[in-house]
Every structure is written in C-alpha cells, then in structure tokens.
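Encoded as structure tokens, the structure appears first; notes follow it.
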Amino acid sequence: MTRRLAEMTTVEAAAAVVESPVVLLPAGAFEQHGPGLPLATDLVRAEAVSDRVAARLDGRAVVGPSLPVGVSPHHLAFAGTVSLSTATFAAVLGDYLDGLYRHGWRKVLVITGHGGNDATLGTVAQDLLVTRPELQFAWSPLTALASDVVAAAEPSEVTGHSGEAETAQMLALAPGLVHTDRLVPGTTRSSELDPLGALVRRRGGPRLTAGYDRLSGNGVLGDPRRADPEHGEAIVEAIVARITDFVAAWLKA
Amino acid sequence: MTRRLAEMTTVEAAAAVVESPVVLLPAGAFEQHGPGLPLATDLVRAEAVSDRVAARLDGRAVVGPSLPVGVSPHHLAFAGTVSLSTATFAAVLGDYLDGLYRHGWRKVLVITGHGGNDATLGTVAQDLLVTRPELQFAWSPLTALASDVVAAAEPSEVTGHSGEAETAQMLALAPGLVHTDRLVPGTTRSSELDPLGALVRRRGGPRLTAGYDRLSGNGVLGDPRRADPEHGEAIVEAIVARITDFVAAWLKA
Amino acid sequence: MTRRLAEMTTVEAAAAVVESPVVLLPAGAFEQHGPGLPLATDLVRAEAVSDRVAARLDGRAVVGPSLPVGVSPHHLAFAGTVSLSTATFAAVLGDYLDGLYRHGWRKVLVITGHGGNDATLGTVAQDLLVTRPELQFAWSPLTALASDVVAAAEPSEVTGHSGEAETAQMLALAPGLVHTDRLVPGTTRSSELDPLGALVRRRGGPRLTAGYDRLSGNGVLGDPRRADPEHGEAIVEAIVARITDFVAAWLKA
Amino acid sequence: MTRRLAEMTTVEAAAAVVESPVVLLPAGAFEQHGPGLPLATDLVRAEAVSDRVAARLDGRAVVGPSLPVGVSPHHLAFAGTVSLSTATFAAVLGDYLDGLYRHGWRKVLVITGHGGNDATLGTVAQDLLVTRPELQFAWSPLTALASDVVAAAEPSEVTGHSGEAETAQMLALAPGLVHTDRLVPGTTRSSELDPLGALVRRRGGPRLTAGYDRLSGNGVLGDPRRADPEHGEAIVEAIVARITDFVAAWLKA
Amino acid sequence: MTRRLAEMTTVEAAAAVVESPVVLLPAGAFEQHGPGLPLATDLVRAEAVSDRVAARLDGRAVVGPSLPVGVSPHHLAFAGTVSLSTATFAAVLGDYLDGLYRHGWRKVLVITGHGGNDATLGTVAQDLLVTRPELQFAWSPLTALASDVVAAAEPSEVTGHSGEAETAQMLALAPGLVHTDRLVPGTTRSSELDPLGALVRRRGGPRLTAGYDRLSGNGVLGDPRRADPEHGEAIVEAIVARITDFVAAWLKA
Amino acid sequence: MTRRLAEMTTVEAAAAVVESPVVLLPAGAFEQHGPGLPLATDLVRAEAVSDRVAARLDGRAVVGPSLPVGVSPHHLAFAGTVSLSTATFAAVLGDYLDGLYRHGWRKVLVITGHGGNDATLGTVAQDLLVTRPELQFAWSPLTALASDVVAAAEPSEVTGHSGEAETAQMLALAPGLVHTDRLVPGTTRSSELDPLGALVRRRGGPRLTAGYDRLSGNGVLGDPRRADPEHGEAIVEAIVARITDFVAAWLKA
C-alpha cells in the first residue's frame, strides 16, 4: 500500500486524515551538484528518506506533495540551477499547509534535503504561530542529523555540498543517477579558500553568505571520489531512525 | 540519454542551454480525481507528454522542473486536494523562468495536465511581455488539443474531469495507478445538474465558476468505466504530435 | 430611472441591493485601436452593453463602477496605451467586490470589452472560491459571444483587434468617436505574418503571446473599412440577448 | 478637438506626447453623498475641472484615464460605497504612470475630487522619488483650493462632505444628477457631534479618523439646501484658475 | 516610575493595559539635518515629546516602541539618510498595532517628529477603518502644532527643515547633539529657489514633490544660527500641551 | 567622537562612508523577559555590543540605525510583546540596506540580541545574493558566540530566554533596568516540560516551534537569580572579542 498521497485517491486520502495524523513533505532543490551528481540530488534524498520514515511508522504518517525546487541563490552561477526566492518558497509551503489543514491534518513535518531551505522553514514556522496556532509544524534537515556518522568516515577538511557524505547517500539511494566516472574533488582544504571564502566557512562567529562559485571552481566541497554506498546507507539509516523516533514521540504529544 | 534537467549534472545542463533551446515545464495538480484515479493524475500525464515531446524533438528540447501542485480551489472540498493560489502559482513559475533565463534559455513551454492552471498561465504570459520582453513563453493544455480524438469515442453527454478521456490517458500511461475496480460514473447527463451547475457547464455565454462538489457527488464528470487504454494512447499521441509540431515550428521562428 | 449605481444616491443604492440582485461591472481597456478608433473603444462597448442588459432585465440588475483600464501589455508599443498588471487589475476588482459584498450583493458579472482581461478574470474567479465562497462571480466577453454573427459577414482571413466586428460595434454605439476617414486595413492575411506571428495566431496547439507590434504595423487585425453600423448593431444585440438570457437564468438559480 | 486621451486614437496620442507635455488624471470616489447627490459626485467634479483646465491650457495638457473609485473606507457603512484600499489605489496609479512614462510623458498631475485620496497620493509621490526620479508628479484637491470662495458664502459651522460647497459645484456642473427635492441638512453644528466625532473634526492637534456614520446620520456635513449654482460656478472657476496657473508655471520650470 | 513600555517588564505591561489606555508611539526619521544637527533629530524630538506627554497624563498613557526610521526619500541624496518605503513604514506600524491590540489596547497615537511620515500615517488610518474597526488610531505632527509660536520668532522667509524652529527644539532637548559651531544658513529666501523648487514650496495650489537637494545645497531651509533654546522650549511646551489636551479629551470620548 | 550614525551629521556620515567601511546594525526584540527584565532587553544588549565592537575597531566601523522590534511571535501570549512578521522584518532591513548601499557602504553586519531574528536574517542574506550581489551581508547572534563562557558557569539543565546568561549580561550592561528583587526561576529541568515542550527543546532531530507559554508559565527558562554581573561582563567581552575579530578579518577580505 502506498504511503504517498500523490498516489492515493481522494477516498484513500479521506481515510488517511484519520489514520495518519502526520504528513511528511519532502523538500529538495534544483541546483548544481558538481560534475557527478544530478540537479535533483536533494529531492531524491528527501523523498527517499520520507518514504522510509513513512514505512517505518506503519501507517501513522503519509508523504504529501514534494517541493522540488528550493532556495538556491548561492548556486545560480552554475548552469541548470533554478531557485525560488524565500518569499515564493514560503508561499508554496503556506498553500500546501492550508490545503492539508483544511482536510484535518494538524501535524506536518518538512524533510528537506537542502540546507538552503532551512532559514525559510524557520520563518514559516514563526509566522504560523500567529496565523495557524492550531497547526504543529516541524522541519528537519538530512545530513546534519547524522553528523556523527559522517564524521566517522573522516571526510576532507573542507566538505559538504556534493562531497563525501552527499555522494555516498546518492550511491546508496539512486546509484543510476551518479556518474562515478566524473566524480572529482572540489575544494578540500581551508588553505584553498580566499579570505572571503574562509570567512563564509568560519564557525563560531558572525555568519556571512556568498555564492558557491566563490568557494569552489566546480561547485564541490570535499572529495566525492571517497564516497561509498555502504557508508551512504549508514548515513541514511541514521537519519531515518532519528526522524522516525521524533515522529513517534510527536504522535504521543 | 536523459532529456530531464533534473537528472542532468550542471555540466550537462550547460551543454543543454546551447543544444536544446526549448525547455518544457510539466505542470500538474494535486487534486481529487474520483475514487479510481490518484491525486497526481494531472502531473503524471503532463510529465509523460513532456518526456515524449522531448524525445521526439531529438535533443532540441529538455524537460525542466515540474510544478507538481496547481490551481485547484474548485476541488478543495474533496480530501487530499492541495491547491496553490493563483498568485503563488505565478510566483513559482516566475522564479523558474528567472533561473532558466539567467542560464540563457529564451523559449519555455509549460505543458499543463490541469485546466485550472490555464488562467494563471495566461496572466503570467501577459506580465512577461513587460518584465521579460526577450523571453518567448508558451503554454499548452493536454486533452483540449485532442478534442477530435476524444469526441470520436462518443463519451457521455457530460464528461470531463476524471471521465472517459482522462481515465483512458491514465490507463495508457500509468495503469498501475488506476483502480479499475473502483471506477464509477459521476455526473453524466445535463439533467443531473442543478440550475447553478447547469450555468457553470453552459457554453456560449458568460462564464461562472463553482466548486466541483456542486457539479458531482463523487467528483467525477463522465463515466470512467468506458475508458480504454488504446483510446488513451491515441489521445496522448495526438497531443504529443501537435505539441511537437508546434515546437518544431517555434524552433525555426 | 437610472440603472447605474454611479448616478444613484446612497438611498437608491440601498433599495437596489434588495431589488437588483445582480451587479454588472463594465471592464474596458485603454489601448490603441488603430488610426480610426479611440483608446477607450473597449470601455465604450462594455458600458453600452451593460446598460442595455440592465435595461432589458427590468430592474433586476444594476451597473456598478467601471474598470476603465485593463490588461493590455501587448499594446504598450503603441502610443497612449495604459495597462494594469494582472495583479493590479485583480486587486481593483477584488476591492470592488468587497464593497458590493459588504452591502449585500452576492451575484456580480463582469462584462469585459477587452479579451486581455479574460485570464485575470479567470484567476479572480478561482481565488474567490476560497476567499469568498458565498459570492457568485461570473464574467463575459463581448464579441466572442456573437462569433456566429461576426462570421456571417465574412471578415478578412485575419481579423480581430480593431477589425471589422469591433469597428462595426463602434459605428453602432458611438459613431462620433470613429474616424471613418482614417480607417485603414491592418494585417488581413496569414501570409503577412512572420513565423512567430503565425504561431501566435495559430489555433489548436500551444498558445504563445507577443506584442501586437509583431502582428501588425498599425495595430489593426482585419479591415475596418468593411465595417457597417447595422452589422455592428446585430452583433451588439446578439451579445446583449445572450448575456441577458444568462442573467435571467442566474436569477432563478 | 478633444483633450481627452480616451477619445483619441493612438496616432493622436503619439502627437500629444510631443505637444501636450502635461497629463491630467481625474480621480474620484464611488461613495455616498447623502440623499441628494450621486455616488459619482467626486468623479464628475474632477473630470469637469480637468476638462476645463486642459481647455484653458490650449493644447499643452491632455486628460488621461480616470480613477473612478477612490479611497473611501470611512463611507462604507453607507450603501453603494465602493472603496479601494490605499495599496490598490497606489498600484492603479502606479500602473497608469508606468504607461504614460513609457510613451514619453514626464509631468503628470492628479486632480482629485475626493479628499480621501490625498494621503495615498502623497505616498505615491514619495515613493516615485526613488522609483521614477525623472517623473515630475503633482496632485491637487478641488474645494480646498477655493476655501476663500467657499467661506465667503458663510456655510454652516460644520460643513464639508455633501454640504454647501460640494452641492453647489454639482449644481453648476451636473444639475441633472442632483435631486434638489431630496437635499436635507446633515450635521451642521459642533454641538451635534459626540465627543469622538468632535475630536475627529477638531483642528490644530492630533488627527483622528472615524467612519462618517459616526459624524452624521445621513452622511452629510452641512446644509446642501443652501447650495447655489452660481456660487458653485464661482468655486469651480477659482479651482480651475489656480490649477491652470500652476500648470502654466510648471510648463516653464 | 517609567512610562516607557520598553523599560517595563511583561508584568508591568499587563498592568499598563488596564491603567494606561493610550499608547504613544514616537516616530522619527534617519535623515540629513544639515551640517549642524544629527541624523536622528526627528526621533530625539518625538521621543522627548512623547515622554513629556506621558508624564503629564499621570499614568493614563505609556510610550510604546519607537519607529526610528521614517519615510525620507527626498533626503536620500544626502549621506547617511536611511528611508523606509511607504509600504514598509505602514507594515511596521501595522505590526506594532497588531501586538498592542492583542494585549488589549484600543487607543494608539503616533507622535511623529518627521512630516514625511504624515501621508503614510494617513493611509494607515484609512485602512484600519476596514481592518481594525475597534481600534482608535490618531497621529500628530510636532512643529505644525506650534506654528503660532514658531511664527512669533519671525524666522526666515523660507524656513523649515533644519531651520530656526527645529534647531531651537534640539537646543532645548538635546544640546549635546547640536554642533552650534557648524550651524549655517541654507535657503532662506524664495528668490534663491529655481522655478521647480518654487513650485514645490508654493502653497494654495497643486502639490509637487522633489528631492531636497533641489531646494537647498546643504539640506537646510532657514537660518539655524538664529535658533534659541528658550524659544525651542516654548515650541516644545506648546506641542506637549496641545497633544496632552487632545489625549485628555480622547480618554473621555 | 561618536561611532553612531544616528548622532552624526550628514557631513560626518559622508566622511564615515570612506573611513568606516563596515556598518553594524543592532537588532533587538520587544518581548517579555519574565518578571525581572525589561521588554527591550535584547535591544539593550545588541546596542551595547555594537558600540563596544565599533569602539574596538577604532573608526573602521560605525553603528547604523537599530531594529528595535524583532520577530517574536512565540512571546505574544505575554503582555507587552510586540512582534514583526518575518516579511516585515525583512522589508525593514532591506530598506536600511538600500539606503546604506546608496551612500556607498558594501559591508553590513547585523548584531542581533534576539535569536528569533536569525531565520529572517538568513533569508535576507539569501535573497541579497540575487538582488544585491555587490553587498556583503553578515549577521551575528550574541549569547551563542559565547556558549563556552556560558557553560562554564553551570547554568540550569534547562536555560535560555531570560535565564542565567541573559540576566547576567543585563546586570553587566544595564543594571538599572533589572529588578533583582523580582527575579524568579522559570522552567529549569526537562522533567517540568510537557511532551510537546520536550520536543521543542530536543536537539539532534527535527525542529518544532511552540509559544513560550507552552514552555514556561512565567516566560523564563533557567534561574535568573543565579546571574552575576561579572559573569555577564565575561560573556559580553567574549562576544565583543569574537565579533571584532571577525570584522577585522572581513576588512582585509
């Protein structure tokens, strides 16, 4: 039986409102992921994790409509990237929530494969406290939930976008979309960054944003050649377990 | 080789800007389609047609990011329907176009499986004449392009949403998502409509809108039991041929 | 007795809410109509038709405030054209509807002399299903309602804006505003269109929009010299009859 | 020869850009004016004054599209009143200015028959300093320009909306729209006002707004029975003279 | 005891809702005031007047959050000026009012040190009649309330921004922020204005706006060297008395 | 010499554009801080830190206009809280940046005393990459920069808003605004939280937002009685040092 609303009929959806009090919304991005990964990388991962979490929850959650394009202005210098402004992303999500709310759902969790969506998700959550006080709205990143598993594999000093951990997840979830022969390292050491790029990556102080073309010539941070499907599976499983655990507690709250 | 930008890397996308001057954007809806068809029916059809058109054009067109949720306020009374306001739909499409334009594309065609998106697509086209005069923007419905093929099968007097022609297309394109055992007729005769419903369906005079719950108890117009996969394939092929023909002429314009 | 709200006092308007359940809103455009017709052509026609329909309905409908400027981006290359963005047009209409609704009206029909307003009227109708479910909102074009009458006069192969039928209506309704000595043909045959213009006019496939300067050097489609006041009167009467018929049925729905 | 753009052809409009550097935009309101005056009172006066000013300037100014509905929230308790929000009014005017600017005009004067439009006109003027620094934008009330002429007739202690001066102007400009037999006094003395109403009318301190239903039972301030067409003509002439004088100076600046 | 909400705890604020039915909101500007006065001049004056009015009202009014930046597009040519668009200023004020309303306040008075905020305050007041009919919203300028006191000191023929009266107030309220050694006259006579500038300053006809760089080379209108702290104190006291008087009457209305 | 733009004249501001390439914008909140701290707590701290950082940078940075009200929907249940929507906060900041940019500044750092502003600051930073690519925009929290110093004092298991660290900073910076006699503990142990509250505070999984009234009866998290001015000074100094260090590096980047 499907856990995806998209594949349900309206009759099945009516039953799901009662039986599945949580809706998971996968959010992705349509952005460059270096020469080896597809533009849809973040959506692929978000949908796969959402499907697994829903399956794990045994009918208590369904997967709602995806947000296939996210907030990616920092990748627009690279061909193919399509980005929503933060206002548009918030409007889309707001309209999704209006529909789900109208049908009776009161707990919605956005699972985002793209960190660039985090800030907007935070603003949506805040505004909902005033506009929809009855709705419980949660959101979750992916890789950040498994930072311990990621770190265990000792990635490059500089890593992240399209790097070891992200490529590993794709090798586990959608190997057919990974061009393993074209995986090349991007920026892997702090010393390769110019002063502004170094400030962007610096932790423990003010935050600064810049286009990824300033951080990496090919759009990659880390060395995707070192990615491994088994490690990817371990990362995904850690993420799935932690989100499932949260939702299970939420269902009782 | 994929024609879908989503599956391309940024390097492949850079090549596509040069080789594939037309981007096809599939637009769907997330709305009730009666007890037998899934909520994603319109997206499924739009993506399938887009893929076929792109294949037929032999590399001169690529399929860009989908708009999985459309403008469906008239279906909100039925469970599972999620709808964008017309302003949100226009904003999403506007942001897609901004990104594609930035990378160099100047011809974009939205292929919409949902007639409820037509009005907004029309407004977007008008506003673009002022805000993006260099962009050529086109949009196309699906079933309306093959009205002769649809009529040849002599559908019910009242037919349309989730009726003979739409179900037939789904049987041709995604039979696994059709619950053939649950297909039941909706409103099939004008005499079943109340006076307001009759005005909504009336042609040749002013237009009036109403929720589909006013037109049909189960959300269906027509008799989907009479749908046939071969007829569905004929409809789809007519649509694909006519869109392909248009794009071929456009590429020379 | 006037049927125009604009000419009524507030005391008369209070009575009209009870006696005249339908409000007609004339919508025009402020756009080029070639060298022989005035910029206000579409408003003149919309107001005249609205007045006649109201008169025909014998007190059951009143004419509300006009929308004198419409959505005309495709005519902006021609001097004098003033256009509202689709969002502004929708906002104006929305505010009109708010006021009328507040006073008790629940049926409003926009009669638009300008086809460029159609798409926005469609989006307004859709959004109202969510924001004003109690309001019944209808809208109507003019000339399109009488396409049979228009065709009977065998106009040019290419005809439309400022052409035979529109000029004829003006000769019937406001001859003093027509410069018959300056009426000149515009584009009258498909062969005069460049490939892009041909795609814009093509029917039965995707739709494409372009500025009218691309379609006609003088802004005219068709040959207005062939226009005739009696034919114009016949067109107007067909339109008035069909709208009146619709409203009469609506009043009983 | 007409001075109204609405009645010109596009060819005449192109000439007007060169010969008539100033565009006058009449702004009205669609609001209650008591039991004796029509809802369109403010538009009637604004258009009449605009026409006279244009005529007086001998071809150096033209009258552009009207704004028939203004900002009238304070009159919404009275039947028939239709009001734009301040944002919508600003958007409409902004779109008008965009069109006029595109054709080459750089001096636009809004002549408003309704004081409720003043604040929004002020905000539009401010925002234009940033968004359209090349455009010179002016705006003018009507009656306030002739306060000396009004005072000379010794109107009621409390007077204003639909009172002596406004009714007099209508008697001069559009006597057919005035129901002289229904003219009745409204609030004419301060002592008739409740404490909040008194604060609204108080001058020389903070400003406070309230609905006109709070100030007058029939929507009238003053005694329209005392209005006189000759005095109305004197008021109108003073207004026309002062606006004409301003524009003449402006044309040289 | 403080009258400023900002310095209160939430427990004190809860008591203030009951005991202090009026909230005073000081609005300033962040704009050039010539070579002798600080950018915050208008806020300094608005806050000082607000504090005095609150003190004078003996606990019946509190001072709420300030609006430190106002609508100052006409000063943007001068370094340091920061301006809100009219829409942003209205949004900020609207959000302030929402919060105060939620806690129970129904009377709010904005005290603005900057005349450039007046138009937007007027639009906010109008829109509130529809969106918040229960809220009584008032607003007040400063110097304009004491025009008789200002005139008594016989300032320059042209005076106003950063001139005699404004500088005098600052000498009374915040002498430490006035660079008396750098006070220099700006435009002081009509004859120094160019024709456009003369139209901007002209009274009794249409209004026209222009940047202050068009009116004065150093941003000053009048001769601030002639300013005197005692006169400033008299101006401030007249303002405070008149606002206090208004609020006292309002509390009884 | 002042480092605050607000206290500068326009002449001084013009010099500052050249000499002080960084502008610091203090952002606060107007929200409950329990029974012992004032509503303006976050602004007080942000301005104090901004002043110290500017002083430490020896003329290379100036302090611009404050944002006195932040995004605080989660505190609206507590009297006195005033909150901006995320869109309004972004609009205000956007207008500040427009003004500063116009004068020539290219590096702006928002120093926010309120964590509720973080998400919106993140969205502003993203949108600026598209709308103002030449502007370098950074933002910084306060207490989070000194988490090591905070932890060294071993605060309560549950701590944060109005707790040990925040109260300590206020004792160091503005002791006159702290009611030490009214400081009382709020929620200090996880076991005091209900299941939903526990999920809100949970780390390492999805994020969930709720009103603070759900987390603490008096709005306090932690035990402010344990706050100490010397510790507060240490926290502030750590923050100032780290921000200063960042800006120093930025000036060279």
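Should a chain be cited, it is by its letter among A, B, C, D, E and F, assigned in written order, with residues numbered from 1 in that chain.
Criterion: a contact is a pair of C-beta atoms (placed from the backbone, for glycine too) under 8 Å apart; a residue touches a chain by one contact, two chains touch by 3 or more.
Heads up on the chains, UniProt names are A, B, C, D, E, F = Creatinine amidohydrolase.
Computed from a prediction, not measured in an experiment: that's the story for all the values here.
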item	value
Chains contacting each of chain B and chain C, listed by label	none
Intersection of contact partners for chain C and chain F	none
Whole-Å gap separating chain B and chain D, where each centre is the average of the chain's CA atoms	48
Distance from chain F to chain A - Cα centre to Cα centre, in angstrom	28
Multi-partner residues of chain E (each touching 2 or more other chains)	76, 83, 85, 87
Chain contact graph, described as a line, ring, star, complete graph or other shape	ring
Sequence of chains encountered when the ring is traversed from chain B in the direction of chain C	B, C, D, E, F, A
Partner chain B, residues of chain A touching it in the complex	5-14, 16-17, 30, 32-40, 43, 64-66, 68-69, 76, 78-85, 87-88, 91-92, 94-96, 99-100, 102-103, 177, 179, 182, 219
Touching residues on chain F, where the partner in the complex is chain A	71, 73-74, 76, 83, 85-87, 90, 109, 116, 118-123, 125-130, 133, 136-140, 145, 194-196, 198-199, 202, 204-211, 242-243, 245-247, 249-250, 252-253
